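The next block holds one structure in the form of structure tokens; read it before the comments.
So that you can tell them apart, the chains are marked A, B and C in the order they are listed, and the count of residues begins at 1 in each.
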């Protein structure tokens, strides 16, 4: 019986790492620009379709295609930010919200037009295989995806910590006016940030494509999961997105096993409500309210 | 909300004209305009909360609670339809009050409050999905009415004309009730809290009380809308009355119409609903699934980018400009 | 009238206000002074309910108002203004001042009347129907004051109301404060503009690093070596 739990928990950790990558993108966008990207799930789905399309065309395993999806979505995010979103930075919250809703609708509409509403499965040789480590069996596809996700997250962390642009981003997140005073070109930082945020979503989408069949209406679920993780972990906290992602991945897996698959989302939402009420800055945020 | 640009008599005339036109329209127009007034009414309810600065991204919660409560009380408990509708509104108001009380008690503000509304709505939706009493994901169904023997005002169900007039009256009622509220001390207090909560409280505005009140009224109104909606549809599913999609649909019309004004949500509905229905039909005719979603998204993007205050203020400004140009000749 | 005892506020390691006690009697004008960062506005926030004290108590006319919500303190008659003006931008001057008037009445017409009177008292009647967002800083400060007055306070807490104003405007506010005082109002004001402080205040309380440093008449405080050092000491560090 315990080995069942071990398998479920390890599976949860693996998917949690990919969730963490999604949440990372969301939290970076919020941390730097204070924008709530309600179209984040749609970005993930773009990644899924990109992964699916590239796999159909080249036959390469999806986890290798994640960097390609990341680059694609980086460009998209950068351009989107420069062309449209930057203008909304100073506008009221409801206007920003509607902007992202509009973008979400446009993206979903395009997906439906190009790919249709039917799910697009990716079936590869590894889909049915698993690694055995001790008594634990790990899904091959999940493991590969999780490892690639860890690699990408590591790259991102290195970039933020050691590059000049990364330093500018962290500066802008910390203190926007200060950053402007010392001459950081904020609009460009925003564009790069949006690019990175959406690249995370896109890469995660490509990684997830073999696990969940690509279809347009998954987007809302991804957006909501990303929000739960980011709030629980702390808006703007990278550590929070990582830990939160794995936590939620494991929690959902356990809930599906012990309670019921349908009610696993109840657990996540209840957790979200509790965190919003009691510790809105999340686990890794400051305890004091600002 | 600014004081209404459309003073009482023109508004009354508008509603009266729409009522008179009802029986003269064919059922296609009646159905379309029923949907318009449904979204106008829900938009007015949503807009009320927004006037106090409370962004509700889960407004479908109140709609759904009202819809289910009304339907279940009528069908399963055999309660009088009017009482059921009132009970639905009351329950929705209670849910809204609880949500707001929790939010105020724990100082949940800004984006966190908006997320709280989503979280609550989704929580309830999933709970309803798994609640046998209301049919879960399988849905809750009202018995079909017999058109011969049905008395609409007793059963609160009827044909297209009945629901057209029902939602029209609801919209008119909400318009005038909210108008009076905004002109009262409460209206000022809500606007003050929206503008600067700390400054308002420092002047004696009771934050918790004011917020709970505005949401209770907003949610109660939404509950009535939900009750009527459920009666109109005849069948309820958690996703179709409480889902995220519904919450988003509710707030599109008031934001596009203009949320700083009383008539904005109504104008917004008149603009948005026919356009969305039209694009849906177009997409199906041409066979391009998804074209309507794309068009809707682009439309909303265009309005929010070029008309930040919405359609209604722009229309008023145009009208004033034209009339002043005429006067100066 | 206003009795503050052992008031303290800790913020996760930083002690902003430490064991501050003072007693403001009815119909006094008292000035709260001290170098920047001394904790003066924090004291106001603690008294007016914007912050909860870590310890200590605040009594208004014998009633314990420690840690109460700001709106409940405001309706008991203690009204404060903000150091950085907080106008309600989408609303007109009249509507802004009506917010204060609603503390006295629930009738909109009566509130408008009270507000109009407060506005004319501070001299902004010409702009009563202008949007608050269109006002200049001096007018915004006047608005802040009129709003507080419309709430009919017994104790008025003014936070650096003179900052950023020209001498003529300062004199106008000073004369309004004197009028209020003559009418029985109790005033506690935070000020940096020393001339105003010394001329208006009957008593002065000095804060430094969150603690009460000294208390006395303006003359006594002006001659107090510790007070002088607290101001000059800061300047020396900067130099």
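Operating definition for what follows: a residue touches a chain if its C-beta (ideal position, glycine included) is under 8 Å from a C-beta of that chain, and two chains touch if they have at least 3 such contacts.
Quick caveat: nothing in here was measured; it's all calculated off a predicted structure.
Number of steps on the shortest path from subunit A to subunit B, with steps defined by chain touch: 1.
Among the remaining chains, C is positioned farthest from subunit B, on the basis of C-alpha centroids. Work out the mean CA point of subunit A and of subunit B, and you get 32 Å between them. Averaging Cα coordinates per chain places subunit A and subunit C 48 Å apart. The geometric centre of subunit B is 43 Å away from that of subunit C, both derived from CA atoms. Across the interface of their complex, subunit B is touched by residues 36, 84, 87, 91, 93-95, 97-99, 101-113, 116-117, 216, 220, 224, 227, 231, 260, 262-263, 265-266, 269-270, 272-273, 276-278, 280, 289 of subunit A.
Interface of subunit C with subunit B (complex): residues 48, 50, 69-72, 74-75, 79-80, 82, 86-91, 95, 98-100, 102-103, 106-108, 111, 147-148, 151.
Residue ranges on subunit B touching subunit A, taken from their complex, read 50, 55, 57, 102-103, 106-108, 110-112, 114-116, 118-120, 122-123, 126-127, 129-130, 244-245, 248, 251-252, 255, 259, 288-298, 300-301, 304-305, 308. Residues 2, 183-185, 188-189, 191-192, 194-196, 198-208, 260 of subunit B touch subunit C in their complex.
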